[in-house]
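Shared chain: subunit A. Partners: subunit B in the first complex, subunit C in the second.
Up next, the complex of A and B:
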């Protein structure tokens, strides 16, 4: 009798071969990739979390844990963020710049986006390209250029501006515009021309169609742009630093830069940094959430991709 | 042209396109079209994608400016009139219902610009919604409606403004087959009830045939033929029109001689007689016969005239009909369509058959001639003409 189709003897199962099978399983989760991602996240975030933790330290040390306390936030009458005039002023000036940037860059950016989207003919390619230049220019180069323009150039509009809050606002608006344009344009592209055409077909003049149909549809993109401008402005260091004039124009990032390595600082500086992180997180997070909840799925996805791309660029 | 006809063409939503052309950076989308649509007519522009029918519609609506020629409605030249001031409304292919307004507000949108009181606007919008049988859905939002319901809202939104002309850009394209068939009947009934001129753009020839008073078949920016559905289907004037409308069994033939009733054709070793089309032509030509006119006979005895032997290539069962594809002895493929009457007619691959092509079903075409198109339009206008 011939042996037909008997299964070959399976090799003995050792611990090593079981582990190899577990790793090589094609239906298993991508464990190596997941591990690499978690490791990277830990590496990037743990220092930030540590800094936030030490803002709640009981003693003056920023590296040795001495217990939990909120004295550096508003407890301590001299040194806490709430009481120390330097720190409080840095906070309020940051907020002031952020609100101004938001209020100026968003309407200008929306108008610019609409204009660029409708521009047909010569020059539109160049204009579109120029709009993206601030996004890719190194911030230092832009800051130095602005510095030279405001201090050395004696042509009228530039000569009227001295370094200080005005210059800081102008500098921040200059690069915020590009972000607003990118966000609004991507939303415009997903809306398409049909709604406005339908409105015009039904009797609305082009301006009326814009006001009653397009702007309501753009609302989530406008709101998201405002929040992004806010977050960008609060975060910004280079341009704000170069455009500043005296101690009165200090913002949170500028203060952190100047004092973080000094010896006579308290965990109040950690508290200030935590405020910075929190505000930025809330700003970007709210922008995401708004974009996701409004509009159809595909539109939300395009715009959130644009926003996340920008957030990554800025980070 | 009689005065009667002329009066009909300058009242109640009559459209005239005079030498209308549009090109985009060198690409000619619409090539010198001349068209006259009567008031109250249901006119379809039929053609494949990219033939220029949507561009023509947009030119009438006012979204594009003509490169040459003019658009006239009721005799008035609209070339300088912007879209929002034309008495023309459009139903878009994707409906374009405003997502931030509910259904009633969508329908009442156009009335905002007509300075009606809020109560009047509400009343008219509700009436329009009742006209399309959507009264109960007034407070829903567009994303909550089905495709067919959205389409009706788009219709109501356009009709509430009582335009002279309604433009429809493939409005039934996004719906499934059953709803499409039902809406075809409803749209036609609506048009008859309201009495407005409908200019309907589609690539679906069944839609155009079933709904239109007249059809204009477009190809590469020009109109190949204008006529009633019967004219366009049964007496096509060009190969393109014959091929686009339904299945066209086209054969290359040589026209040899003609007499009082028709002409003699030579195809391969066989002779055929055709009584329809350009029977005075000579030389190389094409002949077209519709599948429902092709008769299949058994191969026995002496074949009657206009019969060609062939072999069954394959059969296609589509429920209501059986399509039998036959390869003729001349090498050409011919499709015959047999109605499903319940009696079993079994044709299998390889069966030898005799194909009878009745002489009045064979139509001779001598290619795509402009004179042929103009001749057809003249016939359509002339109530006494009967040339076939």
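Up next, the complex of A and C:
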């Protein structure tokens, strides 16, 4: 018994009718937007993957694929990334600066954040403004200013600092500091004063309240700060270059800048850049894993929120 | 001072000097390495030059010589020595900003409003470029845009017999590279802004008879405007000091930007005074931009509340 009283039958949905519907209203379901998003992500990530792939190129070219090999990683006894002393030195110097920046900027930034968040009175406004200056100044202006002060001012302490590793660390700490302060202050604001007040009411000294209550609560922010300092340092180019003295203070980004366009440069440079990416991503992964396990113990944390939080830190 | 207590602040439970002592080392650091260097730029820009063409900073403001600063300001107006660099900077930054908006806004919009199961994955992928060195990302494009690289291979495949030379003074490559380099910093704040918009406002607009397009133009877009401004400020500031993108992707004086002029004057030769004066010009231009940004955000927040 087929339908007598049924409403007018819908035409079967074909590819053609779907296409027509899509042309009539491409925004009906966000296919266009979804395609744009995936296209963007491909554009953002595939070139980097291609550059990583070319570190495994069998030939000397960094633009034409000539087969797979690991000669630029290990095989070539003079030019591979782990045999060429210039490249290994750039890698160790980058890591050295990153560790120093992390070790100095994190504690300095954490106590500065505590101080700025709670110090009220004359001078605190100026100090807050000063802390923001490195965030809104182009790095080039900061680098020029630091270069001039270290080369032109002959009074202590500036006369004691020569260009080179010390100046590089000072420059990196100066801009890393603001990021640490921003991260720690936002965490401080979300903790609130209640836990410490309770500790103090129960008889803890200021030092005890700080050490046993506040520092553990600040742990995720401190960890994130360390990660940011490490990443900022290892990816930094402008300040590090301006503060460098000779070939001995070349970092990976400086090496990339100096040699990326050279005709004689081999895919070993791609291998070096890949190491840089791997080191950063391993750091991010480790920090993320620690934050997750920490978050599970204290408060439920949504993945999405944590991921966007990590990214917002760097922005 | 107890009347100004807010979140994260503790008053009576600690001695008055306590937190000031915490801020002390950091503030000293900032004074030494932010304030004094900024003054050194002024002292060199307003200083003089010796027989060996080395700059001699003038630390006392009474003896300041404005010659170099005047030269720098004369150089950056139309017809001046550095006008080409200023024009390139304004042009490239405006073009990249437009591209960042055209590409970045739809992406941020899709992830904030429509992505469901894939949202976490999309966010992770969105964040990955933040953790890949900027210079590595430029290196990637140098390989792709090389004369025998994949971009030209594809172009030849689809019929361009003579694909362009991308890496020697092509302004289009510089604009694309700047966009590629800075767009993640634009998308993320815009995404955060769009994600915060209350869905009920959009439903209200639709219930009151607004078409989807009208709802977008009259509700979503104005509500996301502050985050668009924030994202723009975040990418425009570093672009004005950028010299490495141009050096790597073009390397030609035809595409020089302001950052290249400053870098060449400071690192290239005996013109550090003029270089310092150019930094002052750069900071003046950015101060105007920042003033506009602050005025606009203040106006927006008044309008929206």
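As a working rule, the second predicted complex is superposed on the first by the 253 of 315 C-alpha atoms of A that agree within 3 Å, B and C clash if a C-alpha of one lies under 4 Å from a C-alpha of the other, contacts with A are read in each partner's own complex, and residues count from 1 in each chain.
Keep this in mind: contacts are C-beta pairs under 8 Å (C-beta built on N, C-alpha and C of every residue); 3 or more make two chains touch, one makes a residue touch a chain.
These numbers come from a predicted model, not from an experiment.
Of the two partner chains, both subunit B and subunit C are touched by A:197. In the superposed model, A:213 makes contact with subunit B only, not with subunit C.
By the touch criterion defined above, A:36 lies against subunit C but remains apart from subunit B after alignment on the C-alpha atoms of chain A. Legend: residue contacts after superposition of the two complexes on their common chain; A:205 is shown touching subunit B, with no touch to subunit C.
Using the contact criterion defined above for the overlaid structures, shared-chain residue A:99 touches neither subunit B nor subunit C, since it reaches no partner.
The wider contact with subunit A, measured as residues touched, comes from C rather than the other of subunit B and subunit C. Of the two partner chains, subunit C is the only one that A:149 touches; subunit B does not reach it. Put simply, subunit A uses residues 197, 200, 206, 209 to touch subunit B in one complex and subunit C in the other. Subunit B contributes residues 61-63, 82-85, 88-90, 92, 94, 96, 98-100, 109-110, 112-114, 143, 157-158, 161 to its touches with subunit A in the complex. Across the interface of their complex, subunit A is touched by residues 1, 4-5, 7-10, 13-15, 18-27, 29-38, 40-41, 43-44, 55, 57, 103-104, 106-107, 109-111, 113-115, 119-120, 122-144, 146-150, 167, 180, 183-185, 188-189, 191-192, 212, 234, 237-238, 240-244, 247-248, 251, 259, 262-263, 266-267, 272, 275-276, 279, 282-283, 286, 290 of subunit C.
Considering their complex, residues 27, 30, 33-34, 36-37, 40-41, 43-45, 47-48, 50-51, 54, 61-64, 108-109, 111-112, 114-121, 123-124, 127, 130-131, 133-134, 136-142, 144-149, 152-153, 157-158, 170-171, 173-174, 177, 181, 185, 188-193, 196-197, 200, 206, 209, 231, 234-235, 237-238, 242, 252-253, 256-257, 260-261, 269-270, 273-274, 276-277, 280-281, 284, 303-304, 307-308, 310-312, 314-315 of subunit A touch subunit C. Listed in rising order, the residues of subunit A touching subunit B in the complex are 194-195, 197-206, 208-209, 212-213, 216-217, 295-296.
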